[in-house]
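Just below sit the structures, each encoded as structure tokens.
In the two assemblies presented below, chain A is common to both, partnered first by chain B and then by chain C.
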Partner chain A sequence: MEERPVVVLGGGISKFAAERRDGTIRDWMVEAVQEAVQDAGVEIEEIEHATTSYFSDHFDKQLKQGAIFHDSIGMCPKPNVRVEGGGGTGGLALRNAYAYLKAGLCDSMIVYGAENMGRHVPSDVSQQFIAMASDTDWEYLVGGFYIAYYAVMIQEHMRRYGTTEEQMAMVSVKNHRNALHNPKAHGPMKITVEDVMKSPMIAAPYKRLDCSLLSDGAACLILSTEEWAKKHAKSWQAKPHIYFAGTGCGTDFMRMGDRPRPNPGICHFRGKQVASQQAYAMAGIKNPLKEIDVAEIHDAYSGVEIQSYEDLGFCKHGEGGRLLEEGVFDLGGELPCNTSGGLIGFGHPVGATGVAQGVEIMLQLRGEAGPGRQVKGARRGLMDSHGGTGTFVAVNIFERRD
Partner chain B sequence: MEERPVVVLGGGISKFAAERRDGTIRDWMVEAVQEAVQDAGVEIEEIEHATTSYFSDHFDKQLKQGAIFHDSIGMCPKPNVRVEGGGGTGGLALRNAYAYLKAGLCDSMIVYGAENMGRHVPSDVSQQFIAMASDTDWEYLVGGFYIAYYAVMIQEHMRRYGTTEEQMAMVSVKNHRNALHNPKAHGPMKITVEDVMKSPMIAAPYKRLDCSLLSDGAACLILSTEEWAKKHAKSWQAKPHIYFAGTGCGTDFMRMGDRPRPNPGICHFRGKQVASQQAYAMAGIKNPLKEIDVAEIHDAYSGVEIQSYEDLGFCKHGEGGRLLEEGVFDLGGELPCNTSGGLIGFGHPVGATGVAQGVEIMLQLRGEAGPGRQVKGARRGLMDSHGGTGTFVAVNIFERRD
Partner chain C sequence: MAKILNKREVLTVPNPAAAYQKEDPFADFREVEMLELHWEQTYHHSLGKYSKFFLELEKKRFLATKCPKCGKVWTPPRPVCPHDLQVTKWVELSGEGTLEGYSICEFAPAFVSSEKPYVLAYVALDGADTLFCHQLRHFGDRSNIKTGMRVRVAYAEGEVAHPIRLMYFEPV
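Take a look at the complex of A and B:
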């Protein structure tokens, strides 16, 4: 029998938006935390430890923001740790909670994440900050921007496998559509493949509607040991039981020029392959497409979702686009992906993103995702969260046991 | 019997300096890692996981630096996580390694930390960056600087307990003197209490020689499970066995005005009391002064060391200064503190600092600290690492078992 099984008690998400003018980032954080605490049916005073998730000191011009969030939600003097891994920060934070709980450093853990990167940060400034997440000694100097790195990666995928711009547009259509049923989403939209194809080109083949959103927002997830849940959490009596079944992490060379070619080649995320294999081994998953019922994918750009289907082992290399066209990843398909809307439709306040993925999967496994979004009978869900051009990847798996 | 005991296999430290002009931060990191790998008697290829320790994106204008260090030392595609908690970052990173190893996420872990905050960053700029680690909505705006916060805290300690400026100067004399025997130290100096008292006043009662140093540098520690050590590490055969015996973490309100008065009052670090009590409970320590043989203390300013003696429970509140005068914390005393020189004599490249504390304690427990610095027969050592004005505190304890 598994020792100290880790369970998911409750979650909360603030409204994600292009610009929240109500309060500051700490207020949005409180909004998410209050929702999570209520959902879990616990008192904040009972929770023993925290993990803080945010990306950069730059957006908010605030160092040591973890201490401020921790203070704002009433967790002092209890322990806290901030983790960070670029766009993968939230996924790493969930993995961190698993580690501390499993290690016995605490029996309950609150994970809170937020980012303040919407319109209050001028877009040239936020793009520059994000560019500083490239290698500033080698890449930044030559004008490297993230969308260009990703464009190069998907161009190679198109060349090698025949992946098409229309397939990418279909990802955007799906994720914007899914977001229509998510009341917290930043970018719900009913659009067509043609709309995406006609949107302004940013870095070929990526157009504006292929891109994820710079959002303001916060998210919170509360986890504990199974034993603690039984004693402290009202949600344990009232809700289906959700377990943390697997976690993995992988990394890759910073610069694409350093990555081994032709295999895996720059069109694949090696760190994601490593991370998912670790998580599958822990969760006892052999055939991910059959054994996973719902997944949140790091769709920083539409093509990344197609690449990720493959690197997560949902299908063979080069088959992602075709399976997408067949509807495999739509709601009602074999493995619905980004039911929340993903980074493209829901939004991408970096430190909150991976935590919000966890909340979505929890809701799906409980059967609480609501009309238009719920995957029927979902029992196992995957979260895929990555930073840089796949330099930091965390994959986590929850499952319902009852 | 303890399950999956965590052990310390080896460590390395780059030269700490006011300005390293040789190479970049990644080169200093490689320097520390190579020393640690050699000391541990392992191959980097064998190590399964990493924890990255650095403070801020600002000093190096590089986001996601964890990915760069990880790549530079040849760890891709293996898992990594960056942790951060201001000045307490390094101590939190060691605690993190303990959690991941204990949880079974890996059997070996490399912890590497560095900061690039020496003279290449103009001192007004680095002070401003550090000021942004105060509450930028409430404190930064009124011109709050760290030394002033600490001055206020020690003024209250002086008022309440009669702690004197001479006692603080004695901390500085001791730590600069200890650094004379540390070949990696940034600030070794043979000085007198009078020298400290005559140095320029910065924020009363703190003078220039009461302050820690802004340094360039890196440090690395390699840990594993006991079982992994037996199979993989040459140091396990060749060296005394060092175990990770306890860890704790505590936090406090960001703003001093919010802290409960009169107890603990602004002259005490509540987070440190919490953190050390957790660590003592794990390590089975009842009387720290008697049961701990050597300690590295977070002496950001000289008075902080005196406050920390008390909050770590080495003595009662108000007795720290007197015991210091009696030589209790000198080499040869009952509990030598900051044998490395501490932040004042060794230096304070933030992300490296707490990791370097771990290396010092490992060397002390092995009996390898060298002439002029070795504590005879040391078997248990404590590391105290904190951020902000004690808003994030990590306390870790190693012990020798043979």
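Take a look at the complex of A and C:
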């Protein structure tokens, strides 16, 4: 019998959009919290602890943003902790919540994530700000920025395995299409492989439509122990029971040139290999492709999703593109990936992203994802959240138990 | 009333969630004032234990560090080997190496003063165990760039904005 099982009580997401001039980051965060509290059927005054998930201090010109989030929803004087790990921030925040609950530091935890990524600064400044999450004494100074780093990686993947630009474009088509069924999405679009191929080149082979979206937005997830849920959460009576079944974390060298070759070299996400194996061991998963029903993948760029299929062990290295072509990862396929639209279609407000993945998986497992994107009978879902070029990776697994 | 120096505009914004919210819960909060904020700082930044690398570049010498225990040669240099936490020794490399990865960038982030396109290149320098990232220039037609091609460290003329820009890569 598992001690102190951790459960997922409810979630909320603010509208993701390119530029939300209607509010500030704290306003979006409050919207997500309002929705999550209602969804969970809990009172905010009863929640014992918070985890703050946001990445950047310079996008929002505010240090210690967590204090503002925390007091905006009446959580003072209760405890709070900030988690930060670049693009992996949200996934790491969920993992942190799991650890705090499991360890008995609290019996209930609200995780809120938000980011102000939008168009309040020009896109070349946005890319500079994000590039500051690479080594600012070295690569950054010679023109390194994230689209280029990932472009170097996928070039190596193409060279080794014959992965094609058309396969990458198919990821973009799929994720923008999935986002059509997500009313919160920033980038729902019906596009073709040709549209992606014809979009402006940024860092070869990545074109504009291969890239995730710089979004404004927030997401919130409420977790607790099973015992706490029974006493305090209306959702525990009303909704299917979702358990936090596994978590893993892996890392790699900040500068990918320092990583051992050939694995991961400048081709694979070693941290993702480590994180997923840990999570699978906890959740008792031996064959992830067969035993996972739905997954949210950190598709920062279209090729990253293909690389991630492989490093998450859904298939062998070099097979991701082919399985994608066969429709394995489409809605209706064997393992639908990024049903929300992912970072490419739903959007990527960094600190919110990994938390929003958790909300999507919770909705999928409850059967509440809505028409168009619900995976029928989904019982087990995976979230893959990574920062840098795989520098920090968190993999979390939720499971429905009736 | 004083004139506000950084006021840009005042506008009424729509409810961004209108597609799925029947009523706007924030209907009384839709008038928005936009400001212009500006922030610029000068930092006194130490290159610390990496300084020798940059000072030697001025003499057209390319240095790496070698671990006395495991023998691994790190470039960019590291004062301490991450494998076994031993203090490393400076070694000079020839500056020649092999192109291991690259991307041709048609877009440049705000801090990159380079002409576009530019090539971000990862090079395995002869004698090093890691890859060094810098720009590849003087490659002629872009179809000449091939993974596995031989390249070398070249040294910049004129003025550079940062000591890392004293060097770049070019084909051998």
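In the analysis below, the second predicted complex is superposed on the first by the 402 of 402 C-alpha atoms of A that agree within 3 Å, B and C clash if a C-alpha of one lies under 4 Å from a C-alpha of the other, contacts with A are read in each partner's own complex, and residues count from 1 in each chain.
The criterion applied here is as follows: contacts are C-beta pairs under 8 Å (C-beta built on N, C-alpha and C of every residue); 3 or more make two chains touch, one makes a residue touch a chain.
Owing to the predicted nature of the structure, the values given are computational and were not obtained by experimental measurement.
Visitor: Under the stated touch criterion, which partner chain does A:R119 make contact with: chain B (first), chain C (second), both, or neither?
Guide: So A:R119 meets neither chain B nor chain C here.
Visitor: Go through the superposed model and pick first if A:L141 touches only chain B, second if only chain C, both, or neither.
Guide: The answer is second: A:L141 touches chain C but not chain B.
Visitor: State whether A:L92 touches chain B only (first), chain C only (second), both chains, or neither.
Guide: Only chain B; A:L92 stays clear of chain C.
Visitor: Figure out whether A:M201 sits in contact with chain B (first) or chain C (second), or with both, or with neither.
Guide: A:M201 contacts chain C only, not chain B.
Visitor: After the superposition on A, what does A:T391 contact: first (chain B), second (chain C), both or neither?
Guide: first
Visitor: On the superposed three-chain arrangement, identify whether chain B or chain C touches more chain A residues.
Guide: Partner touching more chain A residues in the overlay: B.
Visitor: Quick one: is A:K61 in contact with chain B, with chain C, with both, or with neither? Answer first, second, both or neither.
Guide: Both chain B and chain C are touched by A:K61.
Visitor: Tell me the contact category for A:T251 with respect to chain B and chain C: first, second, both or neither.
Guide: Only chain B is touched by A:T251; chain C is not.
Visitor: In the overlaid three-chain picture, which partner chain does A:K234 touch, first (chain B) or second (chain C), both, or neither?
Guide: Neither: A:K234 stays clear of chain B and chain C.
Visitor: Pick out the shared contact residues on chain A: the ones touching chain B in one complex and chain C in the other.
Guide: Dual-contact residues (chain A): 61, 137, 258.
Visitor: Of all residues in chain A, which touch chain C in the complex?
Guide: 14-15, 17, 20-23, 31, 61, 122, 124-125, 127-128, 131, 137-145, 147-149, 151-153, 155-156, 159, 183-184, 200-204, 206, 255-258, 266
Visitor: Give every residue of chain B touching chain A within the complex, in rising order.
Guide: 24, 26, 49, 55-58, 60-64, 66-68, 70-71, 75-86, 92, 95-96, 98-105, 129-130, 132-133, 135-137, 247-254, 258, 270-271, 273-275, 278, 387-388, 391-392
Visitor: What part of chain C is in contact with chain A in the complex they form?
Guide: Against chain A, the touching part of chain C is residues 11, 13-17, 19-20, 26, 29-30, 32, 34, 37, 39, 47, 50, 74, 76, 82, 100-112, 114, 118, 120, 122, 130-135, 147, 162, 164-165, 168.
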